[in-house]
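Each of the next two complexes has subunit A plus one more chain, namely subunit B in the first and subunit C in the second.
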Partner chain A sequence: MASPRGAIERTLAEIGHVLEQSLFAETLSRRAGLLQALDPRVKVVGLLSLLIAVSVSRNLWVIVGLYGVALGLAVVSRVPLSAFVRRVWFVLPFFTGLIALPALFMTPGPTLWSLPFGLVVTRTGLLTALFLLARVGTSVSLALLLIWTTPWNTLLKALSVLRVPDGFILILAMTYRYIALLLGIVDDMFLSRKSRVVGRLSTADERRLLAASAGALLGRSLQLSTEVYLAMQSRGYRGRPRTLDTFSLTTRDWAWAIGLVALAALAMWLGQLGG
Partner chain B sequence: MAEVVFELDKVDFAYEGGQPALKDVSLSICAGERIVVLGSNGSGKSTLLKLLDGLYYATAGSLKAFGQPLTEAAFTDDAFNFAFRRRVGLVFQDTDVQLFNASVFDEVAFAPLQLDLERADVITRVEAALRDLRIDGLRERPPHQLSGGEKRRVALASVLSLGPEVWLLDEPTTGLDPRSQSWLVDFICAQGAAGRTVVTATHDLTIVDTIADRVIVFGEDHHLAAVGTPAEILGNAELLLACNLTHEHWHRHPGQREGHRHLHVHGAPHDHDHERNG
Partner chain C sequence: MSTWMVALRRGGWTRLGVVYGLIAAWLATTAMHIPDGYLSPITAVILYALVIPFWYRGLQALRKQVNARSVPMMALMASFSFIIMMFNVPLPGGTTGHAVGATLAAILLGPDIGGLAVSIALIIQALFFGDGGITAIGANCFNMGVVMPYVAWWVYQAVGGNTPLTASRRVAAAAVAGWVAMTAGALITAIEFGVQPMFFTAADGTPLYAPYPLDVAIPAMIFPHMLVASVIEGAVTALVIAYLQRSNQAALQLNGAAPTGAAATGGLSYRALWIGLAALIVAAPLGLLAPGTAWGEWGSDEFADLGLSYVPTGLAQLEGVWGAPMADYEIGFLGNASAGYVLSAVLGIAIVVGLVWLLTAVLARRQTTTP
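Let's turn to the complex of A and B:
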């Protein structure tokens, strides 16, 4: 039996959603905010330091404090708070929550609540689950802050500060660039199908349609990759990419880099005190 | 006498699987010439440009550039490869193929960087190319977010930053609005006026006499069908018809009982010289 919403409509909606998200991130990254104005290398190093502090902290309040820092940075960077919070905490329970759930009942410790069927929530279990949720939520928030306040191409170039090889950065950049192009092709492909399909297709027909589209897209992407390689060769590419780093650090960048790393160091020290 | 830039002697090219793209092509292109390569879709125009750019190699016959054979073995020598790439630039038909970097600045800097130019020289060239093509404001933009006309300018800038002596342009006016098309024709003319060799593949007959000193026509059989001045080629209706560059068009005027045929050029203003064509 055919699904209430056909494969074509679902695919189109998904593509629209991905493009919308990409556009949203690009728009945010160009706003006049604090993080947007910083050198991307400072953001990479600073936010990575905070991420490490979150990962090694054994004090829940330190992690909560770092989440507060992330919220503060979002506000001064003109990132809409509701979207920032929703993006993390609406998705998190489905993934991390499922992993954290057994810890509530299976970690030995003083009993907090007794539930039917002999299930017991322990204090240690609750703390373990909260730790996991807080760690993941704060880490994802910090990573999201970096992605939302930095244009993707600039962010990739900034990875060189972490000694990521130029070739790898070029491949990532090209992947991102051509995903956008291929999404456009898929969108056109499905729209053209939609314009010629009357009524609802059976599940078997939808499967055939999706398989044919996947095949056509694969063919197109293979052809595209061959042509792109020729275009690279034409401009002197010989398998060893060279890139240009045009970043320059200001006093303000240095101040923020030192500040963020110092904050991370303080959080690590406080985090070792336990909680 | 001007230096011979490209010399083709009985060149054949076939794609994998034996599908022929060019057959028995012999011609010479001299420095400073403005050449238009005409032909219908699939006649071998793009393949010829890729052969001239050393991206494909002749399957038979010989092809020389600046007196040196263009073979796969020649391009394994870095010195030859770098020297050739600095002198010859190809602008692809599909700008999405040409623009593979994440930002416009990186795109324009790509070629000079790969050819081991100094950092300061690269930046100077990029800035000049961005300024000359009036795309300075797009430098941080990802190419996939640009309009068709902007993409074409970035594609040209990505080659201009090399300062090539020879420009190879594959269908450069395809998909452009009239203003961008007119700007592009001016750009091609400016390169020609600066003494550069410009080879443009197109099937747009409306721009031929503006951008060419000599026209090379390919037939649908992948052979060279004719070589001549723009006036000679554009005045040869039978040749254009045989090479699928014009088609016979039948219509009837209001108030007339009889319809009639005349030649019609794709993308060109209608030729209503009925006495000659009808």
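Let's turn to the complex of A and C:
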């Protein structure tokens, strides 16, 4: 029996979702906000230090405090708060929440609450679940700040500050670009197929169709890679990437870089004090 | 302080079942993308360190195979991997699931280049879409971009042997490779989760990262994957390989391994796999030396209960296999319970690797005697 929404429809919906997400990020990254105005290298270094501070903290309040910082940065960067909070806290309970739930009862420790059916919530269990949720939620929020306030091509160029080799950055950039193109191709493939089908495909047919689409897509990708190479060659590419590095740090950038890293260092120190 | 065992017994085994089902359901529905916050920074750094040599190796292989064309080729293959991960594959009963696609990438491009393509797709997911953690990029790339492709390639070569590219045996080999690779990836992921509460706890013993120990994490990851995700990975790989056999045989020769040359290439990746596994085993005890953790807080009796006493009766015999020698280590000559526990993890890996090796050796021999 076919499902109410078949695999093809779900794949199409997912493709739409990915395109929508990158468009959303593109739009936000062009708004006039605080993070958008900063040099991308400052953002990469600053937000990654905060991410590391979240990762090493042994104190729950420090993590909560850093979430507050993330919220504050979102506000001054004109990131819509509802989307920022929803994206993290509406999704998280279904994934990390579900995985953390059994830990409430399964972690040995002093009893906090006794529930019916012999379920015992331990203090340790509650703490460990809160740690996991807070850490994941805050980390995702910080990552979103970076993604939503930086156009993808500048973000990639900024990676060079982390000593990522130029060749690797070029591959990442081209991959991102061609993901968009291939998504369009797959979207067309599935839509055109759907428009020629009356009724529902059986599960086995859907599977065959998906496999055939994947195979066909591979063929097109290979063909494209040859064409892209020829195009690059005709424009003077000789196996070595050259990038136009137009970044320059202003006093304001320096101030924020120092501020964010200092904040992260403070949080790391506070986080080691334990909770 | 009560132990896991006591905590579990207090509510009876039915509760364990409910709890287990919850974890299992969750883990079966997600791909193995680890978000930020599940792994301690030390684990994350170790996994970054483990994965970087493989990226380098992949880039070298790419340069050797396609030279100047390598950049567009890699970009397109990574994009392809990204999109394959988005395909919803219909399952019986109306639900759908995702394949990782690492097996397909490994079979088509070889484990070095294929693994790199998967890794780049995973990096893009983490950096631009927030799927999978940024600190966990090393872990995710190791699990899906190193372990899976190498295991897949290894199994595919062993089962597929020297048969022609269009042999139906290669379709079967692809299915087996997908299943084994996904299961191996899930096992490694589970070990990464499982070591967290052993080493990274607050002063009072509260686990700070993924909360479940090995004896919960491994069965909770492995069994649902064996039943669902691994099956999807195997089925998708086999179906695509079958399609390519019918309509695009050139794509099957991309990895540069002609049917006769398969053994030689297989040997190379064998070695890489062993290096990777050895590194993992070496890295596991490194966690012990990590400063600032309160692992010494665990009494040896707690460790015994944590690791040994609770082995759900329905579990595979494998659990018993690696539980038993551990008991000796612990009471016997090592004295240090946590060291024994790490050894048990190492032993577990060794047993799994040994079994797979035996299986493939037997299969390979059978195949050379009856061509």
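Basically, the second predicted complex is superposed on the first by the 261 of 275 C-alpha atoms of A that agree within 3 Å, B and C clash if a C-alpha of one lies under 4 Å from a C-alpha of the other, contacts with A are read in each partner's own complex, and residues count from 1 in each chain.
Going forward, contacts are C-beta pairs under 8 Å (C-beta built on N, C-alpha and C of every residue); 3 or more make two chains touch, one makes a residue touch a chain.
Just so you know, these numbers come straight off a predicted model, no measurement behind them.
Q: Answer with clash or fit: subunit B and subunit C placed together on subunit A by superposition.
A: Here subunit B and subunit C can both sit on subunit A without a clash.
Q: Figure out whether A:Thr246 sits in contact with subunit B (first) or subunit C (second), or with both, or with neither.
A: Only subunit B; A:Thr246 stays clear of subunit C.
Q: Give one of first, second, both or neither to describe whether A:Arg238 is in contact with subunit B, with subunit C, with both, or with none.
A: In the superposition, A:Arg238 contacts both subunit B and subunit C.
Q: Given the touch rule stated above, what does A:Pro80 touch, subunit B (first), subunit C (second), both, or neither?
A: In the superposition, A:Pro80 contacts neither subunit B nor subunit C.
Q: Pick one for A:Phe105: touches subunit B only (first), subunit C only (second), both, or neither.
A: second
Q: Examine A:Arg208 and indicate which partner it touches, taking first as subunit B and second as subunit C; both and neither are also allowed.
A: Only subunit C; A:Arg208 stays clear of subunit B.
Q: A:Tyr176 in the overlay: touching subunit B, subunit C, both, or neither? Say first, second, both or neither.
A: Once the two structures are laid over each other on A, A:Tyr176 reaches both partners.
Q: According to the stated criteria, A:Glu14 is in contact with first (subunit B), second (subunit C), both, or neither; which is it?
A: In the superposition, A:Glu14 touches subunit C alone.
Q: Going by the contact rule set out at the top, does A:Leu224 touch subunit B (first), subunit C (second), both, or neither?
A: both
Q: What is the C-alpha-centre angle with subunit A at the apex and subunit B, subunit C at the ends, nearest 10 degrees?
A: That angle rounds to 100 degrees.
Q: Return the chain, subunit B or subunit C, that is in touch with more residues of subunit A.
A: C
Q: After lining up the shared chain so the two structures overlap, which partner does A:Asn153 touch, if you call subunit B first and subunit C second: first, second, both or neither?
A: Only subunit B is touched by A:Asn153; subunit C is not.
Q: With both complexes placed on chain A, how many Å separate the closest C-alpha atoms of subunit B and subunit C?
A: 8
Q: Report, in rising order, the residues of subunit A that make contact with subunit B in one complex and with subunit C in the other.
A: Subunit A residues touching both partners: 152, 174, 176-178, 181, 224, 228, 232-233, 237-238, 241.
Q: Going by the contact rule set out above, which residues of subunit A touch subunit B in the complex?
A: 26, 151-154, 156, 173-174, 176-178, 180-181, 184, 224, 227-228, 230-238, 241-244, 246
Q: In the complex, go through subunit A and note every residue touching subunit C.
A: Against subunit C, subunit A makes touches at 1-4, 6-8, 10-11, 14-15, 18, 21-22, 25, 48, 51-52, 54-56, 58, 87, 95-96, 98-103, 105-109, 117-120, 122, 124-125, 127-129, 131-132, 135-140, 143-144, 147, 152, 155, 167-168, 170-172, 174-179, 181-183, 186, 203, 206-208, 210-219, 221-222, 224-226, 228-229, 232-233, 237-239, 241, 272, 274-275.
Q: Could you list, by residue number, the parts of subunit B that touch subunit A in their complex?
A: Per the touch definition, subunit B meets subunit A at residues 50, 53, 55, 78, 81-82, 85-86, 89-90, 92, 94, 96-103, 105-106, 109-111, 113-116, 119, 122-123, 140, 142-145, 158-159, 162.
Q: In their complex, what parts of subunit C are in touch with subunit A?
A: On the subunit C side, the touching residues are 1-4, 6-8, 10-12, 15, 19-20, 22-23, 25-27, 30, 35-38, 40-41, 44, 59, 67-69, 71-80, 82-84, 86-92, 94-96, 104, 108, 120-121, 123-124, 126-130, 133-135, 202-212, 216, 235-236, 239-240, 242-244, 247-248, 251, 254, 292.
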